[in-house]
Each structure stands twice: as structure tokens, then as C-alpha cells.
Amino acid sequence: MSTISPPQNPEANPRVKAVFDDIRTTRGTNFINNLWRYLAFDLVILEKTWQDVKDVMAKPSHLDPMTKELIYAAVSIANSCEYCIHSHTAAARAKGMSDEQYAEFLSIVSLAGRTNHLLNGIKVPIDPEFNHEKS
Amino acid sequence: MSTISPPQNPEANPRVKAVFDDIRTTRGTNFINNLWRYLAFDLVILEKTWQDVKDVMAKPSHLDPMTKELIYAAVSIANSCEYCIHSHTAAARAKGMSDEQYAEFLSIVSLAGRTNHLLNGIKVPIDPEFNHEKS
Amino acid sequence: MSTISPPQNPEANPRVKAVFDDIRTTRGTNFINNLWRYLAFDLVILEKTWQDVKDVMAKPSHLDPMTKELIYAAVSIANSCEYCIHSHTAAARAKGMSDEQYAEFLSIVSLAGRTNHLLNGIKVPIDPEFNHEKS
Amino acid sequence: MSTISPPQNPEANPRVKAVFDDIRTTRGTNFINNLWRYLAFDLVILEKTWQDVKDVMAKPSHLDPMTKELIYAAVSIANSCEYCIHSHTAAARAKGMSDEQYAEFLSIVSLAGRTNHLLNGIKVPIDPEFNHEKS
Amino acid sequence: MSTISPPQNPEANPRVKAVFDDIRTTRGTNFINNLWRYLAFDLVILEKTWQDVKDVMAKPSHLDPMTKELIYAAVSIANSCEYCIHSHTAAARAKGMSDEQYAEFLSIVSLAGRTNHLLNGIKVPIDPEFNHEKS
Amino acid sequence: MSTISPPQNPEANPRVKAVFDDIRTTRGTNFINNLWRYLAFDLVILEKTWQDVKDVMAKPSHLDPMTKELIYAAVSIANSCEYCIHSHTAAARAKGMSDEQYAEFLSIVSLAGRTNHLLNGIKVPIDPEFNHEKS
């Protein structure tokens, strides 16, 4: 159940079609996942969200594509965003994540969950050695 | 201000000394950060937390060391664990993260924060194509 | 699947009936949503929750009714409370929220998600100009 | 303590100066808060964040300026982003929020915190009446 | 730095004094912690918050006083509420929590943090055996 | 829908069988809940997670078994981990939690949700009396 009603034939709108075409070209696939079909309910949100995702995730950069999906998925798990967890785990697999790497990813995410709670409970003072501000 | 009182001379206890020595050897540094000095308040928590961190983060594995720190830092940001954010950002730098990679990391984490909230608000149904369970 | 078992015929209990009647009168509708049917499993929780919701949300006040629902929905999205997201988005619509306002609401919530993560990652020091304490 | 080191004389860079000038013009004030001084560590993040904040928060729209700040602050409280809480509470005051409205805002945010936890614990099934998808 | 300005001499107001006196009597101490001094900025919030805390936490009940503080502190750690973590950890100690029990509490909270993240990542289907609804 | 594919016949693997047998013996039941069936996708995660849960939750200790489950469930609610909420609420019932105790638990968890949000919004300074560090 969604809080919005996606358009029935989204690509009838040329601005939606332009975004969907760019998604297809950028990703090299005809598959348009539900996120974009639903975001088509509002043209500005659709265009800005895709532009942002394209700029950050789909352009050559200083981090490799699989690492970027793992960072995205890690935040999504901590924020309990079910759609984002599924889509970015699938994307990480599509970009080469092996079963062993996924198991290791889950070990890191859950270890972080453990020490985040332990440290938030204890409130350890931050070492001045970690300060990067005056370097 | 912490909720526990760390021991004044932790290495007087041989079990604490053994953990601290292993941290020094594993990391190749004499620096013991506050986390371990505070966890020394309870020997079991100290030993188990270090064993876990060592197993997951310090052993050769299917993900490179910097990527592992970025995943850890991403979860810590989403969970608002200030100590963990500082310690794992510093660790990522120590393992080779450049300023450009850190800026890109922040762009991914904040984009995930954006779409996590957008999707949690809209509740888009999950595409069956993402299902990995029956593969 | 719920962790409690709601009573089959809740209004057989006069205290439940009194709350449900007050909900109907206050809201001007015969619709009692599942929240209240489930909370009827415990009379004190039912009565106190309704009293709180009525005091804060249903009385004339310094903020208009739609704004109050938007604030409620914003917190619910950040906390990933699926029921609350649906009920308060519906309530905002019932109190006049247009499609354009909902799109704008989602833009603000997701922008906040973005900068919350960016700022929690960077840990920018708070400007003394924001201090309201000594004014 | 921040995880980045802001430039000492940020406006020496013309791209930073252009953003700061636009902030001053848009807001009608000479005050540049720390957020922007720190984001100047990376020109792309600075420019994109300001463009986003300007588009969503500073343009005439279907929600009034104070309401927009309250929605932003509500998300920031739920996400425990200290800087964001202070800056958007201050912005809401600057846009006309009275002490009575702030007290009411806090009552709504904390009531949402209460029922979010109550409902997440009980897992009440969502009423089909809330479905907006097929309308 | 707080977002509100607490009254300088709060007990000059008889409604504040009545709440503070009830806190002193109920808790058997003259110590009024900052929470109440700050909440005195709004009489309704002060009175309702104290009434709620008193009803839930200070009355004889089906759970012992220390267990109640531990549940409160556990939620506060997961929500990163620094004040609440300190106040309810201190309250648990005041109600008899030993150092061993606190270490065990932290072990449970951090184990929950670990498996919460692991399970939120994997999305294991819920066993029908856990269903309490139709019992 | 899960992000991993659990093995069809997990106990064909002797390491999985050893863990499942230990779960049956430790808990005195033949029921193996889905968590363990799914975690069998990775032997190390399965073994380490069970060892951790057994050490922290299943051994005689300074907190009674029901209290431990309530602390676990409280964190899980705040983190929105649906599986964990159901499994630990069921475990608390199995360890003696009455309906009255569950209602009280929910009252504490939701009160904590309320004051966590209120205090995170107001940012009350922490009383020095709560400091345990120098004791």
C-alpha cells in the first residue's frame, strides 16, 4: 500500500519518458523499477531524484560501483528502508558482489550495529587524535 | 561524561594487557584509543568486542580494508554514534581514503538519507525482480 | 501480524465504548481505525493514548490542523512507523492537504534526511547565534 | 570536533563566494552559518546542497515558510541531528514561530515519538481505508 | 546549548512549585534534575510529562523499578537521546543495578543492535508461530 | 521477500546440524525459528550469531530471563526490526511475561519514545550529578 497513486501510463508524459529513457540508457537495461514508476506522480521529484542518483551513483568516480552500492545499502539497513535495502542489495550483486562479499558486508553492518549501541550507551569521550579539523 | 568509570591503570590486569598487546600488534601502532580503555571496565565485554572487531575488520577478506571502514562509518552516521563516526572515518583515512573519496562517501550517505526518507514516506511496493530468495 | 490480540467485540466494554464514542464525536465520523480497536486490549493505554491525541491534535490551537498532521507524519517517516505514516498522511489529506503540498512535504522530509546524514557525518560545530537559552 | 577541515578563507574561491553571496541575497542577511563554511571543503557538495536547500526551502510554494521549517526540524529531531535541530528551530523562530507554537510543535513531535514506538511494538494492521494508491 | 530558555526562578510559579514538590515527595529527594527545570518553560508540557512519568515509572506495578529503568534506558540508547541515557542509567543504579547487571544490560543492548541490523538486512520472514493475534 | 536464499535442507551440513541441535538442547524445544534457517546461508554468521545469543541470553546471569527479553524487545522496537520485535516478544511471553506486564512494557517503551523526542528537541544540558566516570 502506497501513500501516492502512480500514473497508469507514465510515459505518455514526455518529461517522464525522457527520465525513463535516460535510466534505460544509463543502466543499459529496459527494466524500470517501481521507484521511478511511483515517483512519476510528481515531475520535479522524479527529475531531481534521478539527476541526483545519476550524478552520485552512475558516473565514473573515486570509489568503485560495488563499494558505492554497499555504502548505500548500509545506510538503508540502519534506516530500515525496506525498498532501498532490496534495490541496493540487488544493485550490488549486479555490480559484482559475491555471496562471500555479501556475508562479509552483513558482518560489518551488524558489528557496527553492535558497537554503535555499546558506545552510545557508554558515551566514551572522543580521542583528540581523531580530530581532522586543524590538520 | 561517560556512564561507566574506566580503570585508572588498566594494563595492571593481565587480561586487559593481553587485549591491548594484541591491538598494538594487529594494528602496528602503540596507540590505544579510548574505546578500549573504557571497555576495560568489564573483561568479558572487552575481550569479546575486540575479538569481534579483529575477526571482522582486521583479517584479510573479500572486501578491501578501506571499503570495510566506509561501510562501518555509513552505519554509524545513520545511527548517530558520534564516537564511531570519528573513529571509523579516521580509520578509513589511515587505510588510504583520499579527500575526494571522503566527499564522494558523504554524497552517497546523504543521498541514501534522502531516498530512504522519500521511499519510507511513499511506501513503494518492492519489485519481484529484486527477490533473491528462490534463485 | 500483531503482538497483541484485540478484543472481538470491544464496545461491549463501557470504557471502550466511551472512548470510541468520543472519537466519533470529536472527528465527526463513524470510522474507528484499527489503532483504537487494537489498543482496546488494555483500557489504560487506550484511554491515555486517546486523551493525549485528542489534547494535542484535536483541539483548537496555535498551529493549523493540517500543519500538525504534517509534523506528525514527518516524525513517523523518520522513525519508520508504517501505520503512523499511513494514518497521518491520510489525516493530512482529510484536513486539506493538496497533492502539490504533499509533494512539497516529501521534498522537505527527504531534504532533511539528506542534510541530517551529511551533518551527522561531518559534525559541524553549532553556531553560537542559534543559542536561545540566554535570550 | 569535525571530520573535515574547513578552508580558512573560503571566499577566496570564486565558486564559494558565489554561493555565499547567493545565500546572503536569498536570506537578506550577512550571516553565513557554519554549515556553509564547512561544506566549502568540497565545491560540488557546497553548490548542490545550497541549490537543493534554496529550491525546496527558499522559494514561494504551497506551504508557508514556518511550516516548512517545522517539518524540517521534526525530521531532524527524530534523526538526532543536533546541528539541524538548532538551525531549523532558529529558522522557524526567524519565520515567525511564537513560543506557544514551539511548545505545541514539541508536544506533537513527542506524541508522535510515543505512538510511533507503541505502534511499532504492537504492529497494528493498516486500515484499507488509508490506501490512496487506487483512488 | 538548548533550544529553549528555562525560567530563572521556576518555583515562583505555583504550578511549577506544585510539580517540583510532587517530584521531591515521590522520589524522596530534594534533587530536581535539569529536565524539569527546563520543561518549566511551558506549564502544560511540564505537568503532563511529570504526570506521565509518575504514572508509568513511579507507581507500584507488575515490573520491578530497576527493570523499568533498564527498558527506558534501552530505548534511549537506540534513539541516541544523550540526556535520557544518562538520567535512566543513573536511575537504574539508584534502584539497585549492580556493575555486573549494567555490563549484562550493555551486552544485551549491543547484541540487539547487532541482530536488528543483521535481520533488517536479510529480511527473514516472520514465523507464524510468533502470531499472538488469534490466540 | 529476503535478500538471501536459505539452504533447502540445512541440516545436511554437519556444522548447521550442530548449531540446530544445540539450539534444541539449550531451549528444550524442537522448534527452530526462521532466523536460524536463513542464517544457515553462511556458516560463520550462523555459528557466531548463535554463540553470541547463547552466551548473552541463554546462560544464568545477573538479570532474570524475562527482563533480558524485554530489554532486547525494547531496542528492537526503537530500531524498527519487525522480526526481532515478534521473536523477542514471543520469547518474553515464553519466559513468563503476563498480559499486564506486556501492557506496562509498552507504556514504558512509548513513554521513552515521547521523552526521547522531547529531550532531543530541547537539548537539556546533562546534570553533573549523573556523572559516574569519576566515582
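Brief remarks on what is shown
For reference, chains read A, B, C, D, E and F in written order, and residue numbers begin at 1 within each chain.
We adopt the following convention: a contact is a pair of C-beta atoms (placed from the backbone, for glycine too) under 8 Å apart; a residue touches a chain by one contact, two chains touch by 3 or more.
Predicted, not measured: the structure shown is a model, and the values here were computed from it.
Shared contact partners of subunit E and subunit F comprise A, B, C, D.
The chains that touch subunit A as well as subunit E are B, C, D, F. Note: Cα superposition of subunit C onto subunit F, rotation of 120 degrees, nearest 5.
Separation between the centroids of subunit A and subunit C, computed from CA atoms only, is 27 Å.
Subunit C and subunit D, compared by their mean Cα positions, are separated by 20 Å. Multi-chain contact residues of subunit F (touching two or more other chains): 1-4, 45, 75, 77-82, 85-86, 89, 106-107, 109, 111-118, 120-123, 126, 130, 132.
Shown here, the protein chains touch in all possible pairs.
Looking at the complex, you find that subunit E touches subunit A at residues 73, 77-78, 80, 82, 85-86, 89, 106, 109-118, 120-123. Only residues 1-6, 48, 55, 126, 128, 130-135 of subunit A touch subunit D when the two sit together in their complex. By the touch rule above, subunit C contacts subunit F in their complex via residues 1, 3-4, 41-42, 44-45, 75, 79-81.
Taken together, the subunit D residues at the contact with subunit E in this complex read 80, 85-86, 89, 99, 102-103, 106-107, 117. Within the complex formed with subunit D, the subunit C residues making contact are 1-4, 31, 33-35, 38-39, 45, 49, 52-53, 56-57, 61-63, 67-68, 70-72, 74-84, 86-90, 93, 98, 100-101, 104-105, 107-109, 111-127, 129-130, 132.
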